[in-house]
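Each of the two complexes below includes chain A, the first together with chain B, the second together with chain C.
Entry: the complex of A and B
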């Protein structure tokens, strides 16, 4: 059986490392889901229950498009909130629609992520050796780690590039290079090469530019389509953006930081609230302490953990006298409404700085 | 030598407002008309009637600002020098009139907002999100249902001694509550007064939730003309609520003030009311995203287009 075609839902630029990993560990073809468009969301929400949150609709849209495109094995990451259960529901919806496919959730078969992914991949490739698996898993982790590190730098500076689009161009070529990684040494070399390239991009950045931190639900924060490219909008207003939610955090740092985060906000939270809600409160606090001008909290409509976080964030920002804006995304949120609110938020931050132009 | 004048236009969902001010922020001319779902003709009509109120021998318009939900479209039509969101415009206008203001409540046709101000600086704001309950459009609809002229709404509400309790969370539930109460035989003024209270409760629960409302409180937007709602706010907040005569023009007034900073030395002519503006919407077929691209034509000549996510849409 060599005709399996593997695919997975899109999450920002993480296609590259995920594709790399699956290709190296199995011998099947990996076909990327078609690019995310308005159509993705339309078919996704058509077959979704109305009360399911936005990530459900986007990923279901991804699945349908990629199945139409010839894929017959789908992988999903699983998650900490009800997204973990969505996998079962999406499987049911898709088979009701008449698609014939295999569906794997990478983190579902075991409590421990690393052995869980191994077990799942073992289903697809029984011959995989533990050593080979660990080697490529670590290589992929490192790739993701490098990507996230550079992304942090990009978010802080992309709003100030002199030639529009320079960051995008370099990033594109970096991802192409990453996808052809031959080993650790090669990856490290590529990383330093591109890091230098990014740092050499000409910037026109004032020392006291506005700084905004984005916290919120993981899918909405990471996938630009689902938040109407909020980071790009902010960058166009010459704002430095920081967001801590990324795959490195979710896979690795989250479990180590939990205690530290809880200590940081012990005045507000005594325990975690599911998914990343508590982490977001702690991060908001860290951002405020770092002197950020404002916080934007984003979530899909009906996201339970983040609704819990909102009230705590409100209290925190009230005590610290830092403005916070809550944005909720759903299938019909008009882009103009988001733009109006962002623009007003930006004006307000400028006014607070006392240098309103 | 003519004096400088500055034009501000606020095109909202329900009404279109225009204000012309002079150097010391005095209003020279103002106009308030209904948008009626057609911003292009509303802007034309507005400009026409502003022209008749404006003494072009004394003043010349040197800058134009647009705000409101159709600010981009109107900005292109008028050749505006400043295009800004209505939240900032309202804040600037109110601060210039009431320098000590702490809370601005604004309820318009489709949206409502709260703006908190401290020492002339906006410190926080919020806007209603996915629901339009508790806005002017809701009141207008209910007035129609009860067969009341919306202008009498407030005075009828004040006659009530025993306001009806109505659900405040959602406009659909409030409406079914209202129908039910009317069928039970409640007096009209009690229902109207109950509606005013439900608007206020909805606002305080959904828009202003968790924010501290400090006085002085300024109430503006179309709904501020409704004395029933003003009274309900005063009862609920237990403080005096200031309503300006020009409360409904504040957005336009604010954007006129803001446009002063972007003066271009061109004499604005009122001719645009004769020009033929047309918009065409088409689905771009450049890629699978099918962006809705809006193109605006002036006398059949393409002026601008927007709505595209990438360069393909500009073809």
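Entry: the complex of A and C
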């Protein structure tokens, strides 16, 4: 085989740090799949089993597009719930379609995530040293952590910017800067520089704006395409949005917060309910305690743990008298339908506020 | 000893896997049990009413059974099982079962929790449950051990009966389907009753040899980590040369099945059909599909 071209499925803006990490560690070219479109999902669902969950279809679509584009090594993160089994079936489907490629799941070779990624990358680049690997891994983690921190701020304020698109512009330039990071000091400097820049963006934010929290399945929450840009839609209605699901949470904080979360919702849950179900219930509770006006729960069709969480969330929101809306995304979900429901939800929240006064 | 209590066991989901274990455990301890009747349309209707519309059919049936039992018994047995072996998992429905039911009904739940990944084995879980019921450690442990022996015996008998069926000279079909579906009145029985009417012998993939090879599934799928699906794949590997065709039966929308059945269809070279049952399935449509599938199998046999 001639030179290797590595690719991985798109996950919102996390492309930048992941691309950075793989490039630094393997010295091969990384070619991302083309921008996600409706077509991605269409191709993906054509070759997927009927009632597989939606992320499976999106990522399969990603792979096919990127293989057409010239990539010949595919990497996938693997992980909990059904994600861990995706890679084997996707590999089978793709090779039955006649593609020639290598497929790596970062977490397949070992129970321990960090050493597993190391082993996988060692296949691609036998010269990689442990020190170099750890250095770049930490650098990438830090980058993701900073991104998530800034994203929280962006989500809260993007609906109130005076010049439309100023947040997007700054973010874009930040990502380009991040992808050229030279080291820890450089990264920290960049972070503070852009944090200042974000804080300096002119805002027109009323004190008592509507606040909505988004909880739900991780892929749908993080990849805006799969939720039909629900966050942007809400921002356009001048709503402050908070969502806690991000890569930092999945990789690091999840395991430390489990006990704390369980204690928070003792009344409703005794155990963790698989995947992020229990975490989402706890987060909904935290959001309600913080005075949010409404909760939106999003999930792809057929997400078993989240269906379990829905019943609990319903009870929780009934007791606290906070409106909650459940959105399910499927291959045939109409964008307009989602928009209508969001608008109705927004109007309802506004009316509730009026009644309280 | 405490007052006489009755424990309700819903005849759905894990019941079909553990009924012998549970019943002999409680019998050893001298506790009465009440088992809900076979699934009927009333139970399904009640289940549908009390679950989210997107939950899988097996879950709806389960909730229906609990609804039936809730006023008739003191406690309802609802286990929570995360993993039965290290590194393995069960469908997340089983880890959420307790909390879902607790949030649906106002009932007393008798619960035991198995999570081998975190060091809680079945034995410990049962001892803890026995203690909750007011029995000592040793008494519970002995009851568990006796029950486990009973369970092993029953499994072995089932397996030997199946072996006998395999040796008969009839058209044979392997039914790949979770235990809780293949034995259910409104899911598996629909299929197996029809097959028996056509004069076909049904080999159940969910009846496993308790002493058999547990790693056969690796031939089909190496990374599989759902225990129950692994057991099914083991059976496929064991029986596939002895049967004429394979039927994959699952309920809508079963998560693990959606991926694993697709994997099988890529890997196994055998006549197969995938049947998906939801709450609206009609019997007529099912009959037609089964009949034509059996006709194809018979035709092959004839020309050989």
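Brief remarks on what is shown
Keep in mind that, in the parts below, the second predicted complex is superposed on the first by the 352 of 357 C-alpha atoms of A that agree within 3 Å, B and C clash if a C-alpha of one lies under 4 Å from a C-alpha of the other, contacts with A are read in each partner's own complex, and residues count from 1 in each chain.
The definition used in the following text is that contacts are C-beta pairs under 8 Å (C-beta built on N, C-alpha and C of every residue); 3 or more make two chains touch, one makes a residue touch a chain.
Bear in mind the structure is a predicted one, so any value in this text is a computation, not a measurement.
Ranked by how many residues of chain A each touches, chain B and chain C are led by C. When both complexes are overlaid on chain A, the residue A:328 reaches chain B and chain C alike. Once the two complexes are laid over each other on the shared chain, residue contacts for A:38 go to chain B alone; chain C is not touched.
In the superposition on chain A, contact is made by A:312 with chain C only, not with chain B. In the superposed model, A:256 makes contact with neither chain B nor chain C. Contacts of A:268 after superposition: chain C is touched, whereas chain B is not reached. By the touch criterion defined above, A:301 reaches both chain B and chain C. Contacts of A:87 after superposition: chain C is touched, whereas chain B is not reached. Of the two partner chains placed by the overlay, only chain B lies in contact with A:347; chain C stays clear of it. Comparing the two complexes, residues 301, 311, 314, 328 of chain A contact chain B in one case and chain C in the other. On the side of chain A, the complex with chain C involves touching residues 48-53, 56, 81-82, 84-89, 92-93, 96, 105, 108, 111, 268-275, 277-278, 301-302, 304-305, 307-312, 314-315, 328.
Across the complex, chain A is touched by residues 51-52, 54-56, 80, 82, 87, 91-93, 95-96, 98-100, 102-104, 111, 113, 221-226, 252-256, 258-263, 266-267, 276 of chain C.
Listed in rising order, the residues of chain B touching chain A in the complex are 69, 84-88, 91, 121-125, 127, 129-130, 210, 261, 287-291.
On the side of chain A, the complex with chain B involves touching residues 34-35, 37-39, 301, 311, 314, 318, 321, 323, 326, 328, 330, 333, 336, 340-341, 343-345, 347-348, 351-352, 354, 357.
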